[in-house]
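Please read through the structure below; I'll follow up with questions.
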């Protein structure tokens, strides 16, 4: 291994929770690069509708799901990225926390723009049925009591059950209904 | 020049981007005071719909536009003001970053209220056709592909072209449409 | 008095402003515990629609209202709690700033969930006509020019008059209507 | 009670731990004002040599010691003040968190200067044998195994024993001796 | 894999740089637990005497050194931990960012104390010739031009050479000598 | 004027206070570039020994001194730069707040290193009798009651007198002598 960035890709997301679309993309990325850095965004946030799970829980979910896929974990970095409220500075801040990389994989237009302005090579991986495999849709299904388990790797379902994740999501999103 | 605040006015805005309404107001202010401090608010923010341009870009735009108007730049201070999330403390924080001043010019009710509560003299400059000369409307026109250049000083148009500002604004506001 | 937490309860709210529902709840709490810690949340925020009053003003309002009720202030702690933007860490952060306690009183589902996950005993006090006794409804009435004084302790009404609180609330909520 | 600041004094310290010098000063202050606000500085810090005790512990210690002196706690506010790293803004920030006051009591030259520059009336209370009644000296005695209990109110001694405060102080100050 | 914390240990350090003492300890830890979480402290800091290397560089160094030792990287988590300036809250904050664990390994008295107060099981691993294997001593040797390479894993030496780490350390520590 | 960075230089310092060495360097810089951006570091700090003056005061001092030298202020930007506690990110953060520039002038080894690592062209201007023209030495002379006025531009002396700067410096540095 070397400090050289060649052959290492960065994939950034919030993974609330990791779903089959993420796994599909990660497997495609690993066909193109030797190592992938998974940056777990909004790492300091949890217990909100947009970010119900902690960074530690998301690391655990991703590792379990990738191992179930037979992916060699020595090629994967799982790195929490707390928010910094300055878009222009954010790319540099990310490169402080992760090893060097030569290409960024993202479908988020803002993330894409920020890395391109900072001089990085950015690729847009094909999306896997994006109307369905979406963290927001999955969280909404959990709240509504609709099935969500088929959209998520089995190992992630198991962890969400163990931490009572659906119950947590439902309770914390009730807050707006009560006076304060 | 003196540490005395007399004859120095403060004008605070976000200038996203500077438009002809701002220039109109600044020229009126300079009829009343010898020097004007332009405080550029939300200075740490960029690459969002509300704040697409960096503080550095906004400083450049304002200087270019004021010089085109023949304004003596030795009478103008251009000072970025990063946000501080405490309204009650904000006025004091502004006075930390800028030279002393004897009057504040603002049309923003919150800014007006905060400076009045802190004991400052506040003037409300007449607005120049506010239905049209508004940063929000100009940004929306950029996104919609409608003409916006006539609402903004020529020097600002030139800089926005050079930095591909319209393209930036369109790309970063696409983010909500994509799953994460 | 002892470092022991037994007999001490925590009641957290934003108290924008304190209303008769809060007083009703506090009197009920003091039937169950010897001492009550009143945690004043979002303590660093003021001059917004959601949080118009400063922590200092809210402390003053609560003390005046409780004394009018004949409550022994040596059994009451009034402690401002500035926000920390990490839900998972927030409970620990609260216990840094306040004396030890054995039970938490709250009607907020998120607060309840966070304290339960952290291993605390949580009680949900009965709400006193929640359609009416709500900070948000009271603030909206102030803006609309509707009567609000009957929803709030007399001492709180007096302080809000003295600080021109209604005028403040109306002015700061005008901000969205003006261009910037 | 009123929003008026008359008759209310502010006394700011870190109280690591509260000692007999603090009590002496507080009793003198209460001869001059009706109410005293005790601002507990560096409230977010604990478990260091300079600040071994949490804000919650210091509130408990001060309340216990003042009650033992027979002081009416309805005249005392105990308010944690987390640090803000801007001296020029600090006074305004303090007034955000505490009720209004008309006079500040302090022996710290920086605190004195900051409040005077902000336009407040400042009094310097007489010190009670300052070579002995000093938080730093007391903490050093704890570490050295020398007697310290006679310098501190009995109620504070009791709480420090209950929380194993001396052991805590000794352990956390060993950190510099170990490699990392 | 499971959300259960059993069999997972946490080892926290700053690793400036990782040295043979760290590797010795990590190999011992992996005899006792199935998985080890390496928490890289002061992750946001770099380019100072105490913290010359970025978190990204330290992750790379640790991974390279552990792979050279034949350690299975699927059993190792490498997680940057930015500082939070509240000791009392720090343990909770760490558990936000990392997967659950059942035991903490540390030789730092403050870290030990904080985890014990928070209810965790803490072990003190035997130190491997601590007069020599110390980040501070190694950094001082680099500055002095003394040999340091024998104290550090070969893979770490290689990375420090590639990033001109010794030159960086020497230059940034010259700052105190120059006026400003 | 253009968004192009050519012909614009950046000079960063803390200017506590601006002295004749700074003026000498600024005049030399303006022989090489058309415009100079003066970045005023540690802008949020004041009322300490290292940083006694506010950013607003330092802006005023620099403007007055440069105007006395006959420098065209339309070629000078005076921009406060609050600290960000991440060296690796700091250069990017500076470029957020200031207009684009093509060369950096600095004598500080850390600043030099950080800009070089970020890919900027850095020049080291010749120092003007650095044993004497040093902010630290000037501040120490103020405290000691020794002459300092000959080391500082006349306009700066005048402002320091007006704000009672020497008295401020002496008082705030007395803090360590008093117990707390």
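Per-chain numbering from 1; labels A, B, C, D, E and F assigned in written order.
What we mean here is this: contacts are C-beta pairs under 8 Å (C-beta built on N, C-alpha and C of every residue); 3 or more make two chains touch, one makes a residue touch a chain.
Keep in mind that this is a model prediction, so the values were computed, not measured.
Traced through touching neighbours, the fewest hops from chain B to chain F number 1. Checking B-F, A-E or A-C against B-C, more than half of the residue-numbered contact pairs recur only at A-C. For the pairs A-F and A-B, the count of C-beta pairs in contact is higher at A-B.
A straight line joining the Cα centres of chain D and chain E is 36 Å long. With centres taken as mean Cα positions, chain F sits 46 Å from chain C.
Shared interface positions of chain C, i.e. residues touching 2 or more other chains, are given as 44, 46, 54, 86, 88, 95-96. The touch graph of these protein chains has some other shape, matching none of line, ring, star or complete. Listing the residues of chain E that touch chain F in their complex gives 44-48, 54, 168, 171-172, 174-175, 177-180. Residues 1-4, 43-44, 46, 54-57, 59-60, 63-64, 67, 72-74, 77-80, 82, 95-100, 155, 158-159, 162-163 of chain C touch chain D in their complex.
By the touch rule above, chain F contacts chain E in their complex via residues 13-14, 21, 85-88, 107-110, 112-114, 117, 127, 130, 133-137. Of all the residues in chain E, the ones that touch chain C in their complex are 86, 88-89, 91-93, 95-96.
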